[in-house]
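You will see two complexes here that share chain A, one where it goes with chain B and one where it goes with chain C.
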Partner chain A sequence: MTTDEGIKYDRSLLGVEHPIGTFDVTKKMIVGFARSTGETDTKFIGTPDGTGEVVAPSTICNIFVNGVTRPDINLEFGDLSFFAGQSIECKSEIKPGDTLSATTRLEEVYAKTGRSGKMVFAVWQTTFSNQNDEIVALVNESFVRRNRSK
Partner chain B sequence: MSKKNIYFEDVELGDDIGPVTRTVKSDQVFEFVSLREPDPNPSRFTSEEAAKKEGLPNAIVPGAMNIALMSQILTDWSPTVCLKKIDVVFRGMVPHEKSLVFSGIVTDKDESGDSTDLECDIVMENQEGVRLVIGHAEFALPSRP
Partner chain C sequence: MLLDLHTHSIASDDSRASVEQYVRWVGVLRKKGHCIDGFVLTEHRQFNHDVDYSTLSEANEILILKGSELDTDCGHFLVYGVTKEITEQIDFSNVNMHAEDLVEICDQMGAIAIPAHPGRSGIGFAEYLAGGRKGFDTIEIVEGLNGSNRPGEGEKAQDLIKSKGYKSIGGSDAHIVSAIGTCMTRFTEDVKDESDLVNKLREGLFRPVRLEESKEQ
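Here is the complex of A and B:
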């Protein structure tokens, strides 16, 4: 069972959308992402002579969410933070020339007690839409805060 | 790993996907980090020294890169795979330059909707069998023509 009862944080942020920017998707970016993650499929990395169409791997939105500054929820718990998990829902293909707009919102905050003691999770959902206002990806990220082991 | 076209009818519950063994090179991580930050500062991802200062034994692979690697267990399985959702939990630090074993197992098949969908559990383990990243994925495969 999880609950946010007793957790001190800024509840006014729950469910409030925050724009985090617009991002132009280029072929160079797609190929760079694909190569760095070890993709070998020519639909992602293009042909050896640099020609040919490419589409983005499904997880490319991570380029944009990585390093985003989110509002501080002023969580009063723990002194150690981790990136606990992530989900990506792929809604539509992302291609070179697309311009993506992203908004993020605090989805939930909850506590769990595990073997290492109490942990508090903050889950953010980021929505990416393309230039046609079509949602292309939903990214959920879960960050955990706990107390350092003594 | 097979690169042939796999169809919905070819797959049974409990079928294995992989395993595939891969190593993430330090220069791959640097290239990944550089996509957002063209001249990245030394960090736990790009520098052994910075990682050690944070109490880590070595530089680690960013979580954002790990989910991309996990998705490839499916997209490398067959060109017919259409990934719909991937959900992962980071359980351990993923090191550079070490063998990592990726595998999956099919847990559900559903042809009641508009598409022929499947689900699978996926995992990334180190050479000692320690689970570093675990997760679940939903994907579609076309029906055999």
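Here is the complex of A and C:
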């Protein structure tokens, strides 16, 4: 639906998977993340005595993608960059003891015009799979570049 | 007949509302006594020929039409009556599209292009005309009432309408569910489909209204 015609960036990165690491999921990590988001369901935070099984809230992949270094697309536009949004598509449960591996790829680069003028969006999709090669989550993130307001 | 001529669903990258959610909210508005007969989905920089809302439309007695909102070198334009011939001729995703070419192609191919939210800074038609942009002799209509305008932008649109003698349509520019219907266009005759919408706009028998003016008597 969109085109990147007229936008100067490194097109060789489009659709190419880049490994970004592995992440060991622990019960402590799950419970800590769940509590930090105000979660009260024992399914995620466990029982008060610390016993019982837990599963990860579907948004836990957010802590893994935070700080990930992606290849520079060498976009020749704008001088102001910021995060423009994230969505997480949950595919399967994430449990303590899982080892997740993640790859990220540049999905799309497109332009639009808004109240602040032209903006260029770069959309990255990060795929998380568990030790059984089962995809557990897809994280889509947008980053926008525009010119500073005069 | 009251139609919201400017809405965005999740097909647009900046909307969080599904078409089904809009339909449900229209039901809520109707229960509150408002009249709203339908809406036009004007997704940003795209047109999907394949998507079909006829079942949803018939099941809920709501007219759901498709248009588009395009970025041009003269601000944003609403386009109604989009055909395959038009999408083959125009790259809808081109944010630098020449606005006069768009208007001309639409005029020639049975569609109509109307400046959206003309009073906005950067993406409003008025600013470009004030900057010396010439042409656009065939434009007779602008979106005078936009539900997502900031203070001052509606007034600027009204100044343009008065100075140029344009007719005015209304649309909510909804990106969230509860915004649909906040501004609409009242047609004196029923609109049947996208092609008929273009005809009714060309005939000029309409006026913009706010939701408060849509209460059934």
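The rule we apply is simple: the second predicted complex is superposed on the first by the 148 of 150 C-alpha atoms of A that agree within 3 Å, B and C clash if a C-alpha of one lies under 4 Å from a C-alpha of the other, contacts with A are read in each partner's own complex, and residues count from 1 in each chain.
The rule is short, and it goes like this: contacts are C-beta pairs under 8 Å (C-beta built on N, C-alpha and C of every residue); 3 or more make two chains touch, one makes a residue touch a chain.
Treat the numbers as computed from the prediction; the structure is a model and nothing was measured.
**Q** Go through the superposed model and pick first if A:Ala111 touches only chain B, second if only chain C, both, or neither.
**A** After superposition on chain A, A:Ala111 lies in contact with chain C alone.
**Q** Does chain B (first) or chain C (second) touch A:Met29, or do both, or does neither?
**A** Touch partner of A:Met29: chain B, not chain C.
**Q** Does chain B (first) or chain C (second) touch A:Phe121, or do both, or does neither?
**A** second
**Q** Could you tell me if A:Gln131 is touching chain B, chain C, both of them or neither one (first, second, both, neither)?
**A** neither
**Q** In the superposed model, does chain B or chain C contact more residues of chain A?
**A** Ranking chain B and chain C by residues of chain A touched puts B first.
**Q** Scan A:Phe83 for contacts with chain B and chain C and give back first, second, both or neither.
**A** A:Phe83: touches chain B, not chain C.
**Q** Could you say whether A:Asn147 touches chain B, chain C, both of them, or neither, answering first, second, both or neither?
**A** neither
**Q** In the complex, go through chain C and note every residue touching chain A.
**A** It is residues 13, 44-46, 48, 71, 76, 91, 93-96, 120-123 of chain C that touch chain A.
**Q** Under the definition above, what is the set of chain A residues touching chain C in their complex?
**A** Result: residues 1-3, 5-6, 110-118, 121, 142 of chain A touch chain C.
**Q** Would you pull the chain B residues touching chain A in the complex into a rising list?
**A** 22, 24, 28-29, 31-32, 34-37, 62-65, 67-69, 71-72, 75-76, 79, 83-90
**Q** Please give the residue numbers of chain A that touch chain B in the complex, ascending.
**A** My answer: residues 29, 32-33, 35-41, 43, 57-59, 62-67, 82-90, 140.
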